[in-house]
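Consider the two complexes below, in which subunit A is the common component and subunit B and subunit C are the respective partners.
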Partner chain A sequence: MAIEIQPERAQPAGRGPGIAAAKRRWRPRPGVPAGLIGAVAGYFLGHWLGNLLGGGYDRSSLADTNDVAIVLGYAFGVLGWLAGLGVFNDLFLMMAGKPAREEPRLLGTQEPGLAKYFRYTLDHKVVGIQYLYGMIAYFLTGGLFAMAIRSELLSPSYHLIGPNQYLMVVGEHGTMMMMMMSSVILGPFGQYFGPLLIGSKRVAFPRLEALGFWLTVPAYVILLSAVLMGGFSTGWTGYEPLATQSTQGEDAYFFAFGLMGISMILAGFNMIVTVINYRAPGMRWSRLPMFVWSMFTVSFLQVLSVPVLVGACYMALEDRTFQTAFFTNQLGGSSFLYEDLFWFFGHPEVYILALPGFGVISEIIAVFCRKPLFGYKVSVAGMLGVGTASFFVWQHHLFDSGINPDMRPLFMLTTEIISIPTGFIFLVAMGTFWKAKIRFSIPMLFALAFYFNFLLGGISGVFLSDVPADTTEHGSFFVMAHFHYTIMGGLIFAFFAGIYYWLPKMTGIKLNERLGKIHFWTMFIFFNSTFLPLFGLGMLGMPRRVFEYARNLETLNDWVSISAFCLGVSILIFVINFVMSMTFWREPEVGNPWRTRSLEWQLPAPPPPDNFRRVPVILAGSYDYGVPDALPVADFNPPPGVIGTAYASASGRAEG
Partner chain B sequence: MTDAAAQSSTQVAAQAEDDGFYHESALNAAWTGSRLAIGGLTFLFGCFVFAYFYLRSLNSSRRWHGSGYVHPSVWIGTTIMLLAVISAGVQYFGLERIKAGHKAIWQVDAVIAMALGLAAVGLQVYQLADLPFPPGSSGYSSVFAGFYPVFLTIQLAALLWLEILLARSRFIPAMSFVEQPPTVPGTFTVQRFQASLSAFSTVWNYLALVAVLFWLLFYAL
Partner chain C sequence: MSSDDTAAAAGADASPGPRHGRRLFTIWLVLAVPAVLVIWFAWYPHMPPGRMSDSARHQQFDIAVLAVSAAPVIIAVLLYFIYAIVVWRARPGDEGDGPAIYGNTKVQATWIIGTTMIVLWLFVFGTVELVVPAGAGAGEGPSPIWNLTGKHTAAWSPGANDMLQIQVIGQQWAFTYRYPQFGGMESTVLDLPANTPIEFHVTSLDVIHSFWPYVLGVKADANPQVDNVAYTTVQARGGFKVRCNELCGIWHGAMTTDGTVLPPAAFQAWAAGVQAQERSLGVLAVLPPYALTYDPTVIPQLGKSIIAIDGITGGAGYYYNSSDPVTP
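Up next is the complex of A and B:
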């Protein structure tokens, strides 16, 4: 598909951005509409090619097509989508030896209006906002599937959705939440605030960062498309050999998960390189905000563990399309191979989800306790410790799946050990709360709830790491309650804390406080009312992923379902608050409402296009609340020569 | 953008300092990024190494190789591996020459390295299209047919990087590699090119090592 290169982008460096802007051509401008055209055209092209290549392969009675056609359709559709967005324009320029376009915002200009949010942009703040809206949409979609699950479970036997549809809904819900929500904090807040918090105007690889977001959109659509093909029966883990035996919905699962994996790798890659190389002078590692530490740790997990997931998804798709036998025992493969590869990613994934939450919360508690963060270095050690240890525990997911019994104690031990660095982070929180004059603003309420919820999730996790307990509770609602307490009780509460805390900075508009408090209290109460009884249901033997259950569990299940609906209402209150506050009420908040020391809050709201007028020089850490004679956090207009000296000395060291 | 002519000399100097700071950051980012990419790629290739040894040691249904197994052509496999290694060697030699100020020699070497790399990819495609076994006939055949498409895709991406470097080098005067260009933007351009070239060389050498490793797995062990 021919896409016009934007005139202002195609011109040689050194010419002003407005000169050629008037030269419009008939071809579509890069953006979402062109991307949609490219995606549809690409899908049909790929599908046709797949039928050509794999026409002799088995056809499904459901989709009347072969897997090769579907997978190639997805692949070409994604390429068409990216081409329509203009992702390849700079690549073609560079292949011709021309310089890639410069970010307009670094020249002090910012495109007005909303159109920029529907384009492939190089502005990390725009990408952050794109992620924010995207993640809210993905979360709400996953939440609707959850409502469907609880509706079915109102009755002990079939009454709304049958067994196959139930599995489909459970799979969509689980995958949407575990896959798409991986970037729920790294995406909006990491991309937006990462550079601001380290005092940088730029990110290292803005194109990769933007690509990371725009891959989430096709991943979401493809995952949902599985519904049209009967869904996938494997749940969010995609276990073999069931996956190989499943219908074409499984193709959508593997392709979408792989695509989201690539998005996570790109986001993490950019974050690591940015944090290492783009910190402002004086932003030493010992002054790095905890949120940035969490992003940094999580990014390493993503760059190192997610390639294994991408490899596993690729192998599964190869099995389903080109008839390899990675996971077919009878042909020399092994279904356990998939399980090992999946969980090598899957357990770090748990911390990919959890650690950003700890990062957000660590930022918030110091602000609202008006105290320095207790044990900063201990907290950093905790984050790094959790991240490192997360690579050595994956086999506990296979305790009941045929693991060599001699290996169980080792992985039981490593799993229990991971609670120690997690305890560090809790210790830091307790030390910060100690004798603090806590301000119970909405972000702080969510932060406190985070610790309460995660404590329950964490303790039940230690319990489950013991082989005897795991053997008893494996595959039951007890496990489900455990991970919902850590993921929803942790990550999602932290996400909302971040929204209430940072949205005024991102948009210059604050959310309605009254509705915010109603949202918090209803969410906290009904979250616990929903998931706490699930521990009991699990202990009573209720299995996961089954649409019916013993009649004696009906009362408890009804309680859970009604609580879940109330939880849904509390999320609806947030949505109403968000939409009304952003669209109609628009109460401005341009100052520093939380009286925060950290760098981003020293800037206007929303921050200027180029973030900082000059490269700031960091003078002190951002947690010195209540410290007499604390230095200002940064000099935003350093005297001439300071910045030059900083990078000249660094350059000299490198050359030496 | 503020009109540069209206800025005071202090502001211009400050802007130059900032530009220098981010230029230095970008040079370091090329170094960090290439090493990090190698880390991520190692885990991606690592899952194929894991699959290889896992399936080989498991030998489920006695089908690591299976009955009637025919080995893929050792000659083709060895040629592909050697092409990748020689390509990396030629490119490395060219890198040393451009560091010594000889742009033209590097350009010739880069073209040769690219041709060798493309030949390796082309030959690999040919081998995959003409395998002596069905992809799903055994554990070995699955890992073989699964790994090489991934590897050659990454090789192709790296060759695209080399093509960009070659295209960019056409616009940099040869003299700039001998002595510092007279303007700051000129200096920045050359240094960024050098940083990118150095990062590419690291990744290309790494891919050659991976080619050797998997040759050992598939043909020698």
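Up next is the complex of A and C:
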């Protein structure tokens, strides 16, 4: 395989792509400032064009604008943003028959200063760090909306924010969390550690990877821009025909969700090709770390399911702009069609959120139990099984809808079958804990909490899979509690576990341990205190997305709200810890503090620009703890000539 | 995997120590049996959604059986983790590794077979519980397959085991109810006779709603141009609340209706009374002819005339201009 980076490059290029230091140029250097200029210019260009094209059919009497203008504004704005970032520069150069510009990629994270994080850059480690900060920002934004929701629900009638604002807040919270957080682990840790864990110097498609990140920024901004237009009234599911009826905020929702979908597809393609083609010699499939397996599975889910979402968003936007009627029942469309399309994406999406958590936690428990991962193959089978089965269950979101009611036993069965491979994750954990030597570091605490939360989340899912029981629970706070247990209790806990575990490797700095422990305990306690009563609220008849509820539920709701505020404070403790540790305290941690066998921890922190000086030869699995004379995981300085002959043929591939 | 397994088996044999498995099983038994008994005998009678109708009763039974099935599993897993945390934590100063156990075929096979059995049990149980009570109160689509005891008749009379047909019409933001066996009269409250098989026909005029009389254990989505059927038989008298269960716009949270379950004779008197009143006021004449679905584009005209008479339909009978959701 052709790796185009030479290990020893005499002279790293200067800062910025293709900058000749002496020559002044008339146009701005590619980067975020130029991107912002492009975005604003593009928005106004698109808006003007939209008014030109669609000025005749204003849909709203409330605003002097039409949906065509808004959507085209977003589209051109995104193109302008990408052009300003320089995404298209290499493309045009290559189309013109010229070689692509030399990127200063080799400096990577070791380039001084912060400018590298504000550029379209091709180093996967820089992209990982960009994702990390981006995701934390998106998560905090979504969390603030959650605080607003809980403030409103302090009282059974509306008192703080009106019904319209309430729906806006609910929709923004839900969409921010479900759509942006789908990359919360795949982004930071997948991009950063994916190549490191398979012994690769690079990812397969660095341009697609970077584009994937830089699309999340406009997706975030566009989603938030709905607030300026009164929000969208459909929640994160965007059900039709309510969405067609809604005001312009809905355009922002569909456009942002579609954009994020494209980002997910790009990230997925890159990860699949990287894992298949860029493994170091000796990194057999049977040695692949579980985290890479989870990334690999999730990437397939993204590539196969997200296009359906992008299609649905596109059709919905057409309904809103070109006056098509895909989803309008009276005109020959179908509101069921949207539900089907959305949930055909939506259920794999749930596992796009959950599986990376499984991966991170599997890595962590092996390290802190000081034992090999129990039943590695079962674990892999669990990942792949969950991923495959997730395509066959989407109708359980529609048990009461009247779509194909005779198929409900089948979807009940498929839904319950998914609990078998999910159970493998618990089998692996329980086997690994058997006679282990458990060390309670902060990542391990988060991992333990993950199992606790995910157990309750998973078991409550069984209640929802049963059609008769689901008739009461469907669409109520019970569902809400269920998916917060699996997604926040699973994914977000795993994300924090990953931060505490991997941040020393990414930055060479560790987070303060005392604050970290306070963060963990407050988060664990208040998470459960917030979401456990919600199961009861749902069972007692409280539907989702309401600003008014039965008066007898007020005490429980107040309890939940106060717990939620405490949960918010807990996240604030993390933010304080993160900011202070990264900027002021800067406690260095450069070695291998967890005594981990796996590949990334054998590198200096942060890893050098091209990851490995030479392509390593993998000698043993990364989970061989407790094996008396286990081989080191890799030979980082294999004798010349060994690559491409002996080792490479053993894994069936050539290495160049 | 075979080499791993032998290593694991050897490791297990070599370290006798306390018999963790037996200990865990004993503690689990001590915890799980009382938990199951408490759930079944103390909690089950009070579990939502109660026993007001046969569908609610079945759902309560379902939830209780699932709880009884789930509790031992939850207890087993949590107990195991707590046990592991206590017994197998690294003692201070112990920097060593645990035993290199890569897997254990027997454990893995037991686990897989066990979870598969549980899943199959849940599937069979759930299917039986779906089929026996004729859909368990969930929306059945336009053409349900169940054989029901109630007779479909043009006029309903108490005590004759006639199926009472009620159409639930969702619109932003109210439910109204039409009783085709009473001349297609429309009501803003949902009154029902006790001990009578009831057939709800749920539809919508604008966006997706969901009809949810919580204590009756009925939930059916209301889609425009779709007739979604759900069945129940109410067994206890009393009041109940209907809520919308699918986000339908800004006043979704306030979209509620009151309902009452009456003795069959009282119900007939009420329904016939409303029918007579609506006929005399001319409401029945301007209501659209009873149909399983309605095209809302004809509603505004009809709605306006109804408002002029009586203001009888909950959402003012008026189909709002789609881009202009009016605050009621």
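We take it that the second predicted complex is superposed on the first by the 608 of 656 C-alpha atoms of A that agree within 3 Å, B and C clash if a C-alpha of one lies under 4 Å from a C-alpha of the other, contacts with A are read in each partner's own complex, and residues count from 1 in each chain.
The rule we apply is simple: a residue touches a chain if its C-beta (ideal position, glycine included) is under 8 Å from a C-beta of that chain, and two chains touch if they have at least 3 such contacts.
Remember, predicted model here, so these are calculated numbers, not experimental data.
Counted by residues of subunit A touched, the larger count belongs to C, out of subunit B and subunit C. When the two structures are aligned on the shared chain, A:Ala204 is found in touch with subunit B, with no touch to subunit C.
In the superposition on chain A, A:Thr555 makes contact with neither subunit B nor subunit C. Once the two complexes are overlaid on the shared chain, A:Asn329 sits against subunit B and subunit C alike. Across the two superposed structures, the residue set of subunit A contacted by subunit B and also by subunit C is 329-330, 336. Residues 59-62, 158, 163-164, 166-167, 233-235, 237, 239-242, 244-245, 247, 329-330, 335-336, 369-372, 374-378, 398-406, 408-409, 412-413, 416-417, 419-420, 423-424, 426-427, 430-431, 433-440, 448, 451-452, 455-456, 459, 462-463, 465-472, 474-476, 539-541, 543-550, 595, 624-627 of subunit A touch subunit C in their complex. In the complex of the two chains, the subunit A residues touching subunit B come out as 16, 91, 94-97, 107-109, 200-202, 204-205, 265, 269, 272-274, 276-278, 281, 303-305, 307-308, 310-312, 314-315, 318-319, 322-326, 328-334, 336-337, 340-341, 344, 614-615, 640-641, 643-644, 646-647, 650-651, 654.
If you check the complex, the residues on subunit B that touch subunit A are 1-2, 10, 13-14, 17-18, 20-22, 24-26, 28-29, 32-33, 36-37, 39-41, 43-44, 46-48, 50-51, 54-55, 58-61, 63-66, 134-143, 145-146, 150, 160, 163-164, 167-171. Chain contact summary for the complex, subunit C toward subunit A: residues 1, 15, 20, 47-49, 55-56, 58-59, 62-63, 66, 70, 73-74, 77-78, 80-81, 84-85, 88-90, 94-104, 107-108, 111-112, 115-116, 119, 122-123, 125-127, 129-130, 133, 135-142, 144-145, 202, 206-208, 210, 212, 214-215, 217-221, 223-226, 228-229, 241, 243-254, 295-297, 321-325.
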